[in-house]
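We call the chains A, B, C and D, going by the order they appear; numbering starts again at 1 in every chain.
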């Protein structure tokens, strides 16, 4: 989706071409081409296998849906200069609640799912209240809920119970294809479109940016700061719940450890996508590119004969993701550093 | 200017790619092995045996898994292998149901699937290389514990994590055995150590001070055993509080010799890996079919098959007497 | 008195917990096990000191866990190679400082947000270590444990050393100019610059400092058992940050002190043993810890709210 | 004139990348003189200070201190050489105590040096006493009022034993009493042979205090005069390079009869405002005079719902209002142009267009769907109407000069078509040209029937602009005077009977 960020001048094509998102796109293309050529082989039975196959591309999509959703949830949060460390744990909690509602509660899947989404939003609301009503730093609040949500998930299941044996009709969401694409991909794209429009095309997104740049400024402009901030965190909770349902469908099981460590990947993707951790600037399509870049890297590496011989796909992908993030960060500040020598876009206002 | 950059990137990519692929053109049989968690010394020792087998059979072995035991990661890796078109997948399932969906997919794609160490749903694989049934482990550990404590008194357990499914399985069987055979024994606490030795040590220390008449600590994850042993040693309770568990000889030798740890129960993990690979290759070559009663695995000789379980043999009890003969 | 209200309230909470334990589980206070428990926390305390400084400068370092693992393994390997401890210790500290310097360079030099930088280094270091070590234990020669002292002596040395260090650092933060510079930078970097302090330099040094301390802590952990596990540092960062924040160090920088961080750490460290002594099921632990953190944060919120009125 | 001036600048040049902030400044400061520095915003005053205090390095020219040519000055070395600066916004450490703030600025601290807290406290007390300020050295700076912080700043400078003291708009937020104290201090400094560089937009201050005045325009010094040899008109001519015919446009119409806003015994415990009652008619400019801390901004914050009133009645056009939040205030047609425009007035990073529509999201984007074209059009209109000097509607607010930022901040609220417009120090720190333009705009709005409340610490402004002047003090309304009354009366009212005549 090509939603142009509404804080840039669309006519300035040169700036557009050198913008972070574009650079990331180049990286992504290069990455993809590399793996396409290096990661595709024909096996003993003469079948073309590896990265180049359509199945693999679909798998990449399926595997990145949950983290992708969390990244989408985080984008508005980070644009308001906030952060939410709890979404990974919340995914776990929601997965458990979903399983419990369906299995123990005996509710039909759609109802259970609906309730789970509501509960997810509710949990997000807890973050929202602490952050807006008490003006607490999001980092710490969500660090607390990070432990709390995971803790509740374990407390509910005693760590032990695993909900499983979901009906095929439900597993379809996570494992089959619909209209040519993995089913959950449609949900993912839907959410992406929704968040994208919200952030780039509505006054809500405008308010998010304003708050991110200057919270006081927003308040003095009569913007409903508290309500907008709350919205962002509730939305994050809601999307985390959606991710939880998809996760359950993909694995066919709900377990208290679902989504452990996902928040880090999500943050990485968002920052990689060019959203400033200081708030204000950032785009949803940037985030999507960030998610894609990481997903392609992870899956591509697993296809490289060299890496296979080293039996190190997992470690390599982690290593390179970290390195990629550092690279992106450095790249993002380079212009600023250079502009200390060349012409700046902002002379210090008198 | 950026466009040029773009072209350079692609050109570079293609070039690099051609180099890498050039080295990849070998058409060996490919067997992919998926441990629960890569970092875990237990599976590393499995890999040693697997490598040996791979060399003997002249096949390519892929050994990859989550760096922390994580069911979702396991599925993703299996699905990767499917699109890689490997010939055999051998899995130690972190989670029965979770992994099975992916394994069935693999079978549909014409890939031979077997499990080792921890089984998946029976319809999702053709054979299970069974080192020892959960019952076997549970009963073995419980009986050993009873032997050391004269079947009475309090004991505590240290597990990897509250959510790891094989741990739950074993714990279940241990508690079952406890109920039916040792009424005078009492399980006072079950503590997770997140597969961290240091945490196991802290937990065990607390357990010891909290339960003065604790007779024995049973650790059913390999980092847990040395952790618990160290705690007992530091508490100066060597001999008074026994330590047993599932662990690797090398990590525990010093404690066994020091008399802190009485015995660790384990099968020969090297052989487990070795057997799994041999079985896998046999499957791929259609030398191993359903209903077979025995199976010959290279230098290890013949193993019996019960149903679709290839039995490695009884779990082994390491103690002062024999532990030095093993290096894994 | 009023200025230390926050610290005192945490101390109160800790006292309450201890009293509770004294009533319901006096065994908790039997000296030897208690000493052991304290010894287990000694390395964490050292890292917490560093984290407090970092947070006071309005930065954060979530890569300490990975740095801890890397230092442990490297120090372990050196010791196993037969290096004398007198060389291994400085080596570990130096390595830590080096890793810290990388963070510092990126944060202070390129002015990148510390949370993201350290997130990146955390992932990179952890996976790098996995790649190299594949999770294999490092077996240490016996002379390493307790630095070759008797166990009791070793434990006393470790606990004593960490507490002495804490006191020294706490005093330094208040009574040595450098300490005040850290506060100055944390409360307003620009004002600090106008006052002739170099904020970027201070930030850089603080990151080196926490790195070095992590190296030290890794060493103190090494001395407590005959084996090192590469995973050893996993989760350390959250534990430490939580302790510091519960102890009343403001994430917005410039406020709080090490005494608070210390009490905060003790409070959180009590949870797990307390649960064991009170025979409460383990699966409540995470939830309770989360609740404590939230409680502390909410308390802060209500307090600052009153101040702003 | 003494042979070697304390400070001599010759052809000083400073570029920020392409922007030439200083293009050749000559400036002399003698020992024992107060040398006023004057110029529109963006003329280069702030930059000049940054160079003198070593915060920035000049790209060209020479800087000579007491005959000594100085190169690459740093903040610390500048301090060591006896240069101290009192900044517009105090550069203090909010989380640290007053004593420590002083210490950090005064002590030549090496990182390893030990800290002597009692001595710090003692020194702080001594310097604060010398300023006649009742501030505890133990107080955290964040708990101090703006003027109090200013005094701490000055104490820092004095404490530094400075030979050259730079004061950048020091009186901008000081009360009359504190101002007089400050003037006394400045004269005292002069007597002791200290050179004072005094920057202010208030000409009367300059004439009251300075010996010489140098005018900057577009980064160049356009003339230095003894204050005796030049009058206001002359100075203004030098500053803007043109005549500003009349500083305060006369009212072109009498305010209407209809009462727009009426307050009945309004108060708010939290912000110390109590029992305020007055009426503002449509088309009327109601000036709020008084000293800083008198409760004027606090009253404005009540009317804008930032700190809700807990007593009294507010009615707007006969409708009784309860204003619990800014949103509520905006919904009822109340607009507030805040004092601190950089922090509250405009969002510096966002384009002008976004800043303009910020307060009218509801009305301008009824579907919450953004209409970029319409927004740009609206922005262009306002840019034209208010003659905002900018690169276009997409230029970020931060790229504008103070005066133009103020116009944008004003335009945002005009866009809401308010019934009541509250202006808080609309011309503070704004250059003379923009100042008179803003005054014209205010008049026009009043003419169009808008009820305006004008808060200003600049006495002539309040008196010149207002139809009626409400004078506040101690958090309540002390008196209501007709427009154009004598400054003396206003000040007397503001100070309350006790100090009558002293002003």
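Definition applied: a contact is a pair of C-beta atoms (placed from the backbone, for glycine too) under 8 Å apart; a residue touches a chain by one contact, two chains touch by 3 or more.
None of these values were measured; they are calculated from a predicted model.
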{"item": "Labels of chains that are neighbours to subunit B and to subunit D", "value": "A, C"}
{"item": "Interface with more contacting C-beta pairs, comparing A-C to B-C", "value": "A-C"}
{"item": "Approximate Å spacing (C-alpha centroids) for the pair subunit A, subunit C", "value": "30"}
{"item": "Centroid spacing, where centroids are CA-atom means, of subunit A and subunit B in whole angstrom", "value": "33"}
{"item": "Approximate Å spacing (C-alpha centroids) for the pair subunit C, subunit D", "value": "45"}
{"item": "Touching two or more other chains - residues of subunit D", "value": "none"}
{"item": "Residues of subunit A whose C-beta touches two or more other chains", "value": "154, 157-159, 312, 314-315, 318"}
{"item": "Shared interface positions of subunit B, touching two or more other chains", "value": "38, 67, 162, 192"}
{"item": "Every chain pair in contact, whichever chains are involved", "value": "A-B, A-C, A-D, B-C, C-D"}
{"item": "Partner subunit C, residues of subunit A touching it in the complex", "value": "83, 130, 134-137, 139-141, 143-152, 154-155, 157-159, 264, 267-268, 271, 277-278, 312, 314-319, 321-323, 325-326, 329-330, 333, 336-337"}
{"item": "Residue ranges of subunit D in contact with subunit A within the complex", "value": "16-19, 21, 41-47, 306, 325-327, 329-330, 336, 338, 342-351, 354, 358-359, 361, 365, 368-370, 372, 394, 396, 398-402, 405, 412"}
{"item": "Of subunit B, residues touching subunit A in the complex", "value": "2, 5-6, 9-10, 12-14, 16-18, 20-21, 23-25, 27-30, 38, 60, 62-68, 70-73, 75-77, 79-80, 82-87, 95-98, 100-101, 105, 161-163, 165, 168, 192"}
{"item": "Residues of subunit C that touch subunit A when the two form their complex", "value": "60, 106, 110-113, 115-117, 119-128, 130-131, 238, 241-242, 245, 251-252, 281-291, 293-294, 297-298, 300-302, 304-305"}
{"item": "Complex interface listing, subunit A residues touching subunit D", "value": "6-7, 9, 201-207, 209-210, 213-214, 216-224, 280-281, 339, 341-350"}
